[in-house]
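Labels run A, B, C and D following the written order; every chain starts at residue 1.
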Amino acid sequence: MNLSLILLAVFDGVSYAALVFMVAVGLTLIFGVLRILNVAHGSLYAIGAYLTASIGGAVVAAGYSPILAFPLMLIAAALVGVLLGAPIERLLLRRIYAKSEVLQLLVTFAVFMILEDVQRLVWGNQPYFESSALQLLGNIQVFGVYYTSYQLVLLPVVALLTLIGLRLFLRRTLTGKLITAVTEDREAARSIGIDADRVYLMTFVLGAALAGLGGALASPTTSVLPGIGAEMIVLSFAVVATAGLGRIEGAAVAALLIGLGRSAATYAMPELQVLVPYLIMLAVLLVRPEGLFGTPAARKI
Amino acid sequence: MLTRTLLSATILATALGTGAAQAQDKPDALKIGVATFLTGPASVFGVPARDAAQMLAEEINAEGGIAGVPLEISFIDEGAGGEALTTEYRRLVEEEGADIMFSGISSGNCMQIAPLAEDLEVINIMWDCGTQRVFEEGDYDYVFRTQSHATAEMLAVVLYLLKTQPDFETIAVVNQDYAWGRDSWDIFSTALKAMKPDVEVVGEFFPAFGAPDFSTEISRLSATRPDVILSTSWGGDLNTFVQQAAQRGLTQQSQFVLPLAESSLEALGPALPDGVIVGGRGDHYFAHPEMVGTERFDSFVSSFKEETGAYPIYSVFHMVQAFEALKAAYAEAMEENGGSWPNDQELIAAYEGLEFQGMGRPVTIREGDHQGVEAQLIGTTVQSGDYPFATLENMMIFDGAELTTPVGESSIDWVGALSPDFVEKIEPTTFD
Amino acid sequence: MQIRILIPVLAILALALVPMLAPSLQVLMTLALAKGIAVMGVTLLLRAGQVSFGHALFFGIAAYAAAFAAASNLDDLFLLLFVGAAGAAVSGLLVGLFVVRYRGIFFGMLNLAFSMIFWSVLEKFYHLTGGADGLRLARPEVLGLALDRAPFELLLYYLALALTLGLGWFATRWLGSPVGQLFQTVKTNETRLEYLGISAQATLLKGYILSAVLCGLGGVLVATAQGIVTPAYAYWIRSGEMVFIAVLGGVGSIPGAVAGAIAYEVVRIYAAAFAADVWQLVLGAFLLAIILFAPSGLMGIYGALMDRISPRRAAAREEKTSAQAAVQTKEART
Amino acid sequence: MTTPLLEARGLEIRFGGVVAADHVDLTIAEGRNLAIIGPNGAGKTTFLNICTGWIKPTKGQVFFRGEEVTHLPPRKIVRRGVARAFQIPQLFTEHTALENLMIAVSAREGRQSPLLSMGAQPERREMLELLDLVGCADVADRPVVELSEGQRKLIDIAVALALKPRLLLMDEPTSGVASSEKFEIMEILVAALSQAAVTAVFVEHDMGIVKNYADEVAVWNSGEVQLRGTPEEILAHPDVIRDVIGEEAA
């Protein structure tokens, strides 16, 4: 394998990692605060993609400029956060915080099953493909190979901005500090009068919106069809577990690791491609049971 | 246990008493169970085919049914998984008393259903699945196929490619990672190497079924620059792959060969560039050059378009064939037995060697292995502007009999033994 | 007779009479019982406070082991069951050695990862495994007898019923035995367990292997009933389904695993038959309703009903296992 | 000289920058019950953790009956005859008091038969007597999650005794018990210990208990054993009065 091929593999890996990170970051944020692994996260991703592709398609078909697709992505993400995230947290999750994690996981699994069918009822079975946003930005040629600017530049930049934005939000703003406080020690946070219910709600809405944004960003690059949510959720689980549960920066590193590993496999051993995320996860957890950036829970006696 | 034994004893007694040749009473309805994908990725084929089945049944019933017996159709969702399919299949046969079953789209499901149908002694028409393995690895009395199989479909594409682009040197494949993707590549590559031994395979990719992203494969192919890129993918996978490849100029760089893309022409719209070699698993095309202008074809295409909003694709045509074969089989069986309602054995006898016509050239069902022999239509895309999507030009229609594996032979062995002069020997009908 | 004895006896009797009274349900019930056995495996782990989101792995491994055995002339139903169980036990040991070091979410996730790896391998190694279409498992002989479909299916049903009762009895006894009790303490206090001189990992491993074998036997039964094995047997949705059934029946209850599996199969098949487009939605809503309104599952409802009909203290044990498991608070996890 | 039951040599342990034990040497002789006293945060519990392998020392060694056990995990040390009761009782909360003891017996005997019911083990009577000994016979069949902290502490000790250890380490055994009952319980406990030939080490804050039930006292302060002697000697020592008893009084 020569140098240019290695670089091509890196480009592919980074662009893929950016998309995976967008989904995984919401999952890990929710876990950090609510201590719930949200299986329905994949459905929120899919719905974000469907919203963007269907509305975007209608907007372009009606003769409006495809540049509208970009604000539309943000709108789709906000819709997912507010219209789906908020009711899921308020009506379902809030009832089960005191219950065992098995039941919590299953509640989100049930929501996942329901949302999978809801998607089909709303959008049908035919794939949507709406890539005007991607075509708008054109191509870049590297070593004689064309890449879309959207995938090579825009996606990694958005992922990076999301990472930086989240860091600033969590450290600099009052709401962010409240979320951080609950993540670190929820009992202590409660005892100093933080309204944990509100923090939970905000976090879940934010996490859901990030899943929706991930879907919205992915939609121009792919066919949106039933089942994309299930694929994505398993992959982002792997990212989150590799990173260490609740670790936002870790999710970025793990997504990059998995993205690069996956593209390297496509170049060197295509048959191993689908195995790579899980192999990386196993290898990491074998050495560091808490994930790359997780901290071991001390047992106090 | 006791009731069961008694029950089978009664059935046996009835069967013996009436005798196989004796006429049966006409039933109130001819019950047909149709397995098709209503959910999951393959519903891109399954749902239009279901719509077609409903249309066809209504049409037949409006004309008084088959010999006065109306059709009654129930559907099974193949997308609910193998267990649900077999359970529901049994329920339809054993409880609802389905007279004949059409099943199904997925080759895996066909492999599972064929022995079950044999056990249940119900006639099963494999109305869409393409695996050649069913009849090459098993021998069934009750199972028939009303269309061709993967070998003929792939062979036609190889021949078209070799006739139109004889000088290419390298090929790469991007197929879905499941039986169809693997089997079709086995047949295609074996046939290609037999007829053009100097060809070099420079990349074999089998991304997961339903993969949302092919960016890495496309980068890899862009760097490798194969002369020909083959993909037997379909549905969302094919659309994604073609769109992503077109966006990044790969379709300009290599000759694309997409044997199933007839089913995606409309869905891909303007994204499918000119010059791509396209097939449709048989001679299936909404503007079939030999059929356009015939009254039945034109009215079917336009009423299907009106009913569903889309042009018919090959799964729709396959459904038509299943119904046409049904009508023809009943007609023949009743002619044989003097006009009374046929029993299963008479119907099976009628299906064997049956000739019927769907929306293409006539199809025959071979007596030896119950395999359908069907013509193959291959063409090259052109964005002519007549439709908001690509249509076909430079079409060739291959006669099915020459391309179908002889009865009792294994497809891979048979295509592997072909020689380069086979390309010249086969003379398809050509169209502009 | 005491109603608390009468009802289980009647339930078993009803199951035994299914082939006569409702022959059309026989195959469905074979599958339900087979899944019930597999779910017992998941239930077992729940008793140690661990949830595996990857136990379909063992279901799949055993089914494939049986399919490979059947293809290589080890063509007898009981041999297939043995091969499947052995495959599940060996893989349970190997995977178990790794995963018993983890608890809670990580335990669940690692099991998921292993099952996904196996699933990918099944899909990828097409020429060996038949890829997504899977392998045919032709009807095996039974102790040297080649049976027709009807008698074979009847036999398979009674075999599934016998295994359900036998393994259910064994699992219950095991849980009540010293090893089983130590196994369950992993849920409540590993520190004390260590200070009793017992390795939590070793004790968890024993239960893990047993749970793998139960899943494996369920897998072989389903595979022979279906006549085919596919990678879907090992997919994560299948694992989720098994946890779903365990919760539906009553967290940690062995009879609940069977009751849950029967209820699940019936709902699923009828949802698929009468609401073909939305069967997942129906199942999801059903699951939500159970968790929110009857968190101790079918066995909890049954227990409450029994208490009303025939109040008595002895039901306390049954309730304890399911009800307390359900209300286990988050503190208990750490 | 006979081999000590337990011996710590040159123990040193640091958490980050904090030194919890600094070159500690301590021997425990068979049959001599030792009380460890000292101010809060002095490292007394840490010492018990090191002796049972829960924490590995940065430096130094631990010997049990002459065998080095420094790097063994707790379960292996327990198997050699060291049992432990905790400051916060460590019980199986979903099981009853009697079941907790029966599980301990199962562990002690290493029973493997899957068909033997735990409750049917021959030691059932013995365990009921043990519960009776710590005054918890009346709650034998109640899940421990429903019991008071004091009862749980006593059951925790009973669980440790069910293992039939040579050495029992206890962390403030009577801290959850009403002061009126403390002496009564210690009375029973010490009698039971001597009857079963178990040597006890207990961390204790109540000087009355130390005075009455310890054969020896070690004073732990700032990560060191500062003093060692009989209860009479130690409790009269001015440093102890200043640093330990004074604090307790406050």
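The rule is simple: a contact is a pair of C-beta atoms (placed from the backbone, for glycine too) under 8 Å apart; a residue touches a chain by one contact, two chains touch by 3 or more.
Predicted model, so just to flag it, every value in this text is computed and none were measured.
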Quiz item: If you take the mean of the Cα atoms for each chain, which one ends up farthest from subunit B?
Solution: D
Quiz prompt | Most centrally placed chain, judged by C-alpha centres | solution = C
Practice problem: State, to the nearest whole Å, the distance from the C-alpha centre of subunit B to the C-alpha centre of subunit C. | Solution: 38
Quiz item: In angstrom, rounded to a whole number, how far apart do the mean CA points of subunit A and subunit D lie?
Solution: 50
Quiz item: subunit B to subunit D: how many Å between their CA centres?
Solution: 77
Quiz item: Which subunit C residues sit where two or more other chains touch them?
Solution: 120, 123-124, 191, 277, 279
Practice problem: Give the residues of subunit D that touch two or more other chains, as numbers and ranges in rising order. | Solution: 86, 90
Quiz prompt | Where subunit A touches two or more other chains, by residue | solution = 120, 271, 274, 301
Quiz prompt | Contact footprint of subunit B on subunit C as seen in their complex | solution = 19-20, 23-24, 27-28, 31, 120, 123-124, 126-127, 130-134, 136, 138, 149-150, 154, 222, 226-228, 230, 232, 268-269, 272-273, 276-277, 279
Quiz prompt | subunit B to subunit A touching residues, read off their complex | solution = 38-41, 43-44, 46-47, 204-208, 210, 212-213, 215-217, 219-220, 222-223, 235-237, 239-240, 243-244, 247-250, 267-268, 271
Quiz item: Across the complex, what residues on subunit D touch subunit C?
Solution: 52, 73-76, 78-79, 83-84, 86, 90-95, 99, 102-104, 106-109, 111-119, 121, 143, 159-160, 163
Practice problem: Would you tell me which residues of subunit A are touching subunit C in their complex? | Solution: 35, 37, 39, 92, 95-103, 105-107, 109-114, 116-118, 120-121, 230, 234, 237-238, 241, 245, 271, 274-275, 278-279, 281-282, 285-286, 289-290, 297, 299, 301
Self-check item: Partner subunit B, residues of subunit A touching it in the complex
Solution: 4-5, 8-9, 11-13, 15-16, 19, 120, 125-127, 129, 131, 134-135, 139, 143-148, 151, 218, 221-223, 225-228, 231-232, 262-263, 266-267, 270-271, 273-274
